[in-house]
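Following are the structures in question.
Look at the two complexes coming up: subunit A is in both, with subunit B in one and subunit C in the other.
Take a look at the complex of A and B:
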């Protein structure tokens, strides 16, 4: 399932003195199977852009097509769209509200079918069984033990667990595209690593396309195959991590922070020690350095 | 001079909402219900101390205990010689220890920057002229002089957090506690806030307690205290603490990038010391090797 954005502009508070152009002529293609990263400074329009992906807001100009469908068109099935494109907002655990993990995760699913499938209403046992199946699947999918956790209060869980439960509440809709706004912000290093591992797991087995907004360049560079840079409501470029972080001029001009590993290798290059590719995390950097040391016949 | 001292401090949240005194409900809880268990440490005036620990390790509880927002169940906390248990001293303690929380939106109350910063000093009965002077001073400290009359809701995340810090500074505390105050900011905003914190500590001798999940931030401190499941498990200089890579990893933490690279190389038999903190330092050491 792909997302194609054409000439998208969006204005907050149009026709008022507070009118603010948040997006300006955005063109973008997110293909099936992408782990798509979006970076940009606070206020650059990242969140405004992704809110168009499941029609939480509609374009002031231009259009967005998800799987060929334009949600702004008359008669568009927004409910279908919103179950296909799962949206995980910043700090999603703040949205937890139900008394048990089960009820919290089931909330979206229950509401979706309550309104759509009359036959399920007529056959409550089947609805109940199906809800349980979906919730079990979603909770297992995010790496939690269904039996152990389903009756607990979501408020008794750790930070990382809460976030997983919140993601399960989106996964329960079986989305084809998962959009996450800063999914690891505020977590400790282990929690961060676990959430990223989970995203790869979901992508492999379940939900093939992932869109991630992040300020953490180490994360973006190590996990995404494409990165879009947004600045002042415009797409500056869409590149692979290698291309993006090799472009010194762009990085300087747009004030893009680079991963520490990239910074180290740029320092080395200035000293005349260059490599044919950039590492994005400590493991890759150490690997490349070790290879070089071995080649040079030192300490092998 | 000692700014803050924790002596064998234990605390737990009353999870059931039970109003009986803690001694009576003691049997309902196991040891893991304690948010903070037997913690002791001392922070000197002018020091820059970082507190690390996984989510739920008790870091924020420690912050709230520091200025009497919470009270210990056992043990004592003294702030410039005053115990937080002495109710008549509480006002003075809170004036001396200012806390900046994670989300600046939760801490800002006025729509104009000036009003927001004046809120603290107004409430402790400072004269208007003096308030005005303090607002100017606080804005200068955080590098936002030009924003006195700005609308606080139009600022960027980093700017808002700097205004939140200015609001705390206007009370002229002697200790500034930052409870994950950079977690919600982008790299630029984080740098802005950290630069302000560093200069307050170095130039004005402000005592700083920085609670964070970013290992690189913690390495700026003079000393690091590491918490795990409510207990203090490590304490030392950044170099000492970050040399314990395996242990830190086992309690859900990590080490700065440079220390991790050096550590991996060392494990592979490369003669490099793993006690590096910054990428520049690592660069120097690699240059010596290659």
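Take a look at the complex of A and C:
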């Protein structure tokens, strides 16, 4: 399932003194299987852009096609679209509301299922069984113990657990594309690492395409295969992490932060030790250095 | 989008009316409302309209904005107009059929009330259109100051008001986000009967309430950690100041109002 964005523009509060152009002629292709990163400063339009992907916002101009379908067209099945494109907002734990974890996670699935109401009335037991199966699947998928957690109040959980439950509440609809807005914001380093591991797991076994907004360059560089840089409502470029972080001029011009490992290797290059590719995290950096030392025979 | 419903609807331009002292504007609005209800002759109402016209002209607010402010109470105006028309029984009938009887005085009274109500709303919206919520609270605090003598917590009241006003946009944004998040999970707020719709609001209201409490806690912690102790010894960054502009506005308005009062008195005691 792919997302194709063509000449998309969006204006907040049009025709008022508060009018603000949030997106300006965006063109973008997200292909099946991408782990797509979106970076940009606060207020650059990242969140506005991704909310177009499941028609929470309708374009002022241009269009978005998800799997060839334009959600702005009349008669488009928005519920179908929204179950296909799962959206995890910033601080998703703030949207928890139900009495139990089970009910909160089931919310999305039950809503999705509502359209076959007649079927539901004919066979309520099957609906119940199916709900339970899907909720169990989603909760297990985010790495929580279903039996232990299902009857707890979501408000009694820890921050990291709450976020997992909130993510489970989205993936219970079995989305084919998962969009996450700053999924690791506000978590401690361990919680961050766990969420990222979870995303890889999800991508491998569950939803093949992931779109992630993040401020954290380490995360973006070591996880995504494509990165879009967005600034003042415009796409500056879409590149692979290697290409993006090798482009010193662009980095300087747009004030893009670089991952720590990249910074280290750029310092090494200034000292005359250059490598043909950049590492994006500590492990990769160590690997490259180790290889070099071995080549030079300095490490037996 | 909820964000379109701009609360307080402040219209951000720089104008003569915008620069007036909020206290003066508050007093003028109160006087204006009193004047509207004192006016019972067309001349007096015309004077009120003239005052309103001055206000709008010198505020540089789009006329359509001011007119639009009537929209929310349009129903009320029409509803009361219909009732007045049908049930005001004094005067000579000009139209009667079946059980309906409309008198000349009823028509006059109906038009009078409709004009009064519309002007009332436009006048008070002109205040909120030209005054930021912060300036408004400052003005109210300053005007209520005499009540301190009877131990009325004026500063605290103003603080509560400004916090409430400050957090309206924040909570609006939050509501927007929660609505979108639940919509993304297939929530449907538009279909079903009234019970189903009320129930559909729970996934919005509960997170919103929780977040309001969270923000209240955070704010009180932040205030404590900056040693906030209330009004004692507190100074203001933006001091309110009455200038020549306010004098002119007061002078013009008071003259017009004096005319209205004289008009009223003349009507009450025709012998004078």
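Couple of notes before you dig in:
Methods note: the second predicted complex is superposed on the first by the 295 of 300 C-alpha atoms of A that agree within 3 Å, B and C clash if a C-alpha of one lies under 4 Å from a C-alpha of the other, contacts with A are read in each partner's own complex, and residues count from 1 in each chain.
Simple rule for what comes next: contacts are C-beta pairs under 8 Å (C-beta built on N, C-alpha and C of every residue); 3 or more make two chains touch, one makes a residue touch a chain.
Just so it is clear, the structure is predicted and the values come from calculations on it, not from any experiment.
Of the two partner chains placed around the shared chain by superposition, neither subunit B nor subunit C is touched by A:48. Once the two complexes are laid over each other on the shared chain, residue contacts for A:111 go to subunit C alone; subunit B is not touched. Set side by side, subunit B and subunit C differ in how many residues of subunit A they touch, and the one touching more is B. Applying the stated contact rule after C-alpha superposition, one finds that A:185 touches subunit B and leaves subunit C untouched. Using the contact criterion defined above for the overlaid structures, shared-chain residue A:86 touches subunit C, although it does not reach subunit B. In the superposed model, A:209 makes contact with neither subunit B nor subunit C.
With both structures placed on the common chain, the touch criterion links A:95 to subunit C but leaves subunit B unconnected. By the touch criterion defined above, A:296 reaches subunit B but does not reach subunit C. The touching residues of subunit A, when paired with subunit B in their complex, are 41-43, 156, 158-160, 185-191, 215, 217-218, 255, 257, 260-261, 263-264, 267-268, 271, 273, 282-283, 285-286, 289-290, 292-293, 296, 298-299.
In the complex of the two chains, the subunit A residues touching subunit C come out as 12-13, 16-18, 51, 54, 56, 79, 82-83, 86-87, 89-90, 92, 94-98, 107-108, 111-112, 114, 155, 169-170, 173.
Subunit B meets subunit A in the complex at residues 15, 53-56, 102, 156-158, 180, 183-189, 213, 215-216, 249, 252-254, 257-258, 260-261, 264-265, 268-271, 279-280, 282-283, 286-287, 289-290. Within the complex formed with subunit A, the residues of subunit C that make contact are 1, 3-4, 6, 11-13, 174, 177-178, 180-188, 202-204, 206-207, 210-211.
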